[in-house]
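In the two complexes that follow, chain A is the common piece, with chain B as its partner first and chain C second.
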Partner chain A sequence: MKLKTITIGHVRLISLYWSRYAVRSGSGLVYLMIALIFGLSMAHILIMPVEQLIARQKREMGNADPQFIKKTIIDIGRPVIQFVFGQKTLEEIGQESMARQRSFRDKDGGPEDAAAGPNKDADIDPWITFLLEKRPALLSAIFMLLIFGMPFAISFLGYNQVSGDIQSHGLRYLLLRTERSSIYFGRFLGTVIFSTAVMAIIVVTITFYLGMKTRIYPAGALTLWALHGFLALSILMVPYIAVCSLISASVDSPFLSLVLAKVVIAGVLLMGLLGSIYWKPAKYLLYALPWGWQSNLLHPEPARCLLAALGCLVYAGFFLFLGYYHFERRDL
Partner chain B sequence: MTHVVSIQGLSKSFGRIQALSNVSFDVPSHSIFGLLGPNGAGKTTLFSIIADFLKADAGRVEVLGIDTRNIWKLCGRLSILPQDARFQRNVPILEQLVFFQLLAGRTKQQAQEEVLQSLELVGLQSFAKRRVGSLSHGMVKRLEIAQAFLGSPEVILLDEPTAGLDPASARQIRDLVKQLQQSATIIVSSHNLDEIQELCDHVAILNLGSLVLSGSVDEITLADREYILFLSRPLQDTELQQLSSIDGVRSIQMPSHAGANHGKGSAEYLVRLNLSAEQVNQDGVLAAILRGVLDMGVTPRKLTEGRSLESQFLEVTGGQSSHP
Partner chain C sequence: MSEEKRPGGLTALAVINFVFSGWGFISLLGLAVFFAFIGKIPTDQMQEPQKTQFEAFQDMGVYVFVMIFVLSLISSVLLLLSGIGYLKQKKFLGRTIGNIYAVIAIVGSVFSGMMFPSELGGGFNIGSIIGLIYPILTLILLNTTFRDDLTN
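== the complex of A and B ==
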């Protein structure tokens, strides 16, 4: 199929108009709220125990021991990352968390006691070691959770790129003023811009809060890792938004588009994970979307990171192509 | 160019419903072209295919010599007032229309000026900063018309432009359409046959997705040779023969249902005058007929030119709506 024609100026105009409209229409605000609540809640769940520990140390010892705090964070962060990597179940993580809390309560959480924890696993995965020990561990754990959870939230932003205007025939005001391609790609780009802005808000808020509250990581290291995480999250959202574009261009109802986007994004993950319990090759279903390799965006090897980012763009291109192919030919 | 819109063998179906079946006609340049038909005849489908909102199953449409499958080549040259298309409710009018003009390559200032001019034409200038959701139905209709008139389109499609408007606004829109005829070719669909007869110089009538009649309004209504004369009493056969002998008169008939009582005790009786099409001085023939009628002691009450479009419409469509 040939791309009939596209006007870059129109794509720019439509994307900017659409990203503003996303706020006005409410769908952008809903996504912003959901993404913020999810992102900040995850951050809160991970940061709160550290804050409590720091407060207790200050109360009991006069000041906090950064080394001890860092090791405790690694203790907290490891099961989270292992869960995202599929090494541990939620039940195991819950049991470990309970045991850790009991340990703090019974032994009063002295530095010597807790320090024994982090290096218990001699065969720790180098990737996890990188995330927990070579980078600000708390931020790594938060990023891993966001990388796992944000694809579920993105459909709240991407579901209505064109379906609502197909249903209301509102697109007809645009169809004689620009090309279908400019509308389709312009709205996709506008959604990506909005998503990126939301990611920036979340990452900046979490990083600032983490930096101010814990003061255990050097500002430079924290900023650089935050930037990496922001880029990883932003790029990761692109293929999922493209999936939403494809669905939105294929149905006339925004509600149906939202439901389908949810079913497809979550369904691929569930079928891949649950299916592989009974039939191993089912795990390859995870590669229908970036689920199968998206954690590589935080891989210690830059080449793997770049490959993952490239993969996101290739997937996005594929879904966009399918969506545009349909949008160009369908009745509007 | 003689024809700015050319429709050839157009067919479209939605599942088992044949919305359009092999429709072909041309729209002359700088005409106001009326598209008529009962509900469900295929008018909106035809408009939607011309604007490439819908894809035809067969046939082709050319606007200004460009195949509408390449509709982007007509950006800025073709505009439409679509039926049932909604604006974004929570965005101010001005912002939405300025956005349209920015797409047309205007600067922001030019776009604002053009939009305000267009809103002024439809009496909405003072509502420019209001959100669409706060407008009444009639105001939204006028807004839709304003967007169709934005810029300098060469062909404008108006799908029921006066539906839902009060009489004064409808008159204003009709006047506007007439003014625009100087610079554009306008295709109008409407259920208001009097409006179409007043406004349009050419019409096409669709019924059940097929074209049943197409041509100039004068041809269709026989305005060049048929007149209806309303009289104070019925004419006798001898009187009819006497009038028929006037030079230039082809026939004079008094239909059996010609008598009509319009209340208040005054009755009118109509006779249908059919003049020779080649007769040059029709005014002279009409004057002779009226003199003859007066000499017979009958008072002429009214003279109308041609058949009404409504009677022709009902005749060719069988007076039926496609959807009972």
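== the complex of A and C ==
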């Protein structure tokens, strides 16, 4: 190991170049498109019914009833959060949604009907109550979907940190000017910078839109919760990028690296969830990656949020070290 | 600049262009068929929201429909041509046509938002922002990141 030879100046230079080069190399461009379209589509799916409700109320009654709208948002957001927490399956959510739509049509959707749903089990989980009632519920539901979905997209950005240059032997020319450690950590850091910038674009767009267009929540509460969500999403991506770094350093082919990153990230989740149906302890597989505890980044208790953030950094450090250990010794 | 030195991002941009272009042509075909048979579709079995959407589509007017159809057709053709231009790294076919596509797509999105009734997703909503992502990215990338790659 030659970790002592790492040069901060080189790492800074390589990371800044790599974050700019990401779009030019194609991986950053594809990730940017997928992340933006996924993030904004999730927001669109959740915001659209609320906007339609506001428009309908304004058309029929002259103005919108904020209480009724907030209750409807809780009604929309609750199954989303329950799904991410693993409390309900997609099938159960679909059945509930159809039953709700039927009752909405039959009774013409009075405030009492919408209120009946959210309140009946709101006390069951204080965490869900916190997300839906103490914080801007729409933003909470969007963040939950992003926390669940973004790890699937990150491999499009992180898969080719070094594998392409290992395959073409291009790294040999770079190693005349700098060390392996600077290249490895510099590119990892560059990928993290790019991912954080994309998260910032998504969160700012959604928050700005919610603040300016729907005007349901006070600007202060919206901004603070958006900042929390942005930090949570940014930190969450770090261990997944580190997994990609490890795979990228171990494999000679960028395509194989992408496939393996996809298989590992999605496979751990699938094996943990499906395996636990047949054998309960299989659920601990989810802890091989942050899947098992990543929702804690939006926990009501600040201590648990910080612990989850620390967990992300510890996982990232572990995967990064493994990758570096292999990269330092391998033939380039 | 030779074709061997084409950056991966430019290839990715070309592939995305072809996908969106194909998608655009299929949508146009569907829209044309739908508009041709719009008078023959029975509405009595429809639920209220679908009926409202259907009536809004009927009330939209043929000129608005033709305008949107033409703009979408032009966008799809330009996407296809500029995709070929990116692959061959051509200055006119790639950069110029790509820029024209981006401007037309942005104008088309704004126009659709203004002309479409709210029942059909008109007005400014987060869907409009999604529709603007690719044209804006194209405009930025062609004039910054890939500016010096499209010189043939």
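Here, the second predicted complex is superposed on the first by the 327 of 332 C-alpha atoms of A that agree within 3 Å, B and C clash if a C-alpha of one lies under 4 Å from a C-alpha of the other, contacts with A are read in each partner's own complex, and residues count from 1 in each chain.
Following the convention adopted for this analysis, a residue touches a chain if its C-beta (ideal position, glycine included) is under 8 Å from a C-beta of that chain, and two chains touch if they have at least 3 such contacts.
All of these numbers come straight from a predicted model, not from anything done at the bench.
Contact with chain C, but none with chain B, is seen for A:I47 once the two complexes are overlaid on the shared chain. Once the two complexes are laid over each other on the shared chain, residue contacts for A:L332 go to chain B alone; chain C is not touched.
By the document's definition of touching, of the two partners only chain B reaches A:H10; chain C does not. Contacts of A:V204 after superposition on the shared chain: neither chain B nor chain C is touched. Of the two partner chains, chain B is the only one touched by A:L176; chain C is not. In the superposed pair of complexes, A:S168 makes contact with chain B only, with no contact to chain C.
Judged by the touch definition given at the top, the superposed model places A:L224 against neither chain B nor chain C. Chain A residues 24-25 lie at the interface with chain B in one structure and with chain C in the other. Listing the residues of chain A that touch chain B in their complex gives 4-5, 10, 13-14, 17, 21, 24-25, 168-170, 172-179, 329-332. Residue ranges of chain A in contact with chain C, taken from their complex: 23-30, 32-33, 36-37, 40-41, 43-44, 47-48, 51, 55, 105, 205-206, 209, 213. Residues 7-13, 16, 47-48, 118, 124-127, 129-130, 133-134, 137, 141, 145-146 of chain C are the ones touching chain A in the complex. Per the touch definition, chain B reaches chain A in the complex via residues 48, 51-55, 70-72, 74-76, 78-80, 82, 84-88, 90-91, 99-100, 102-104, 147.
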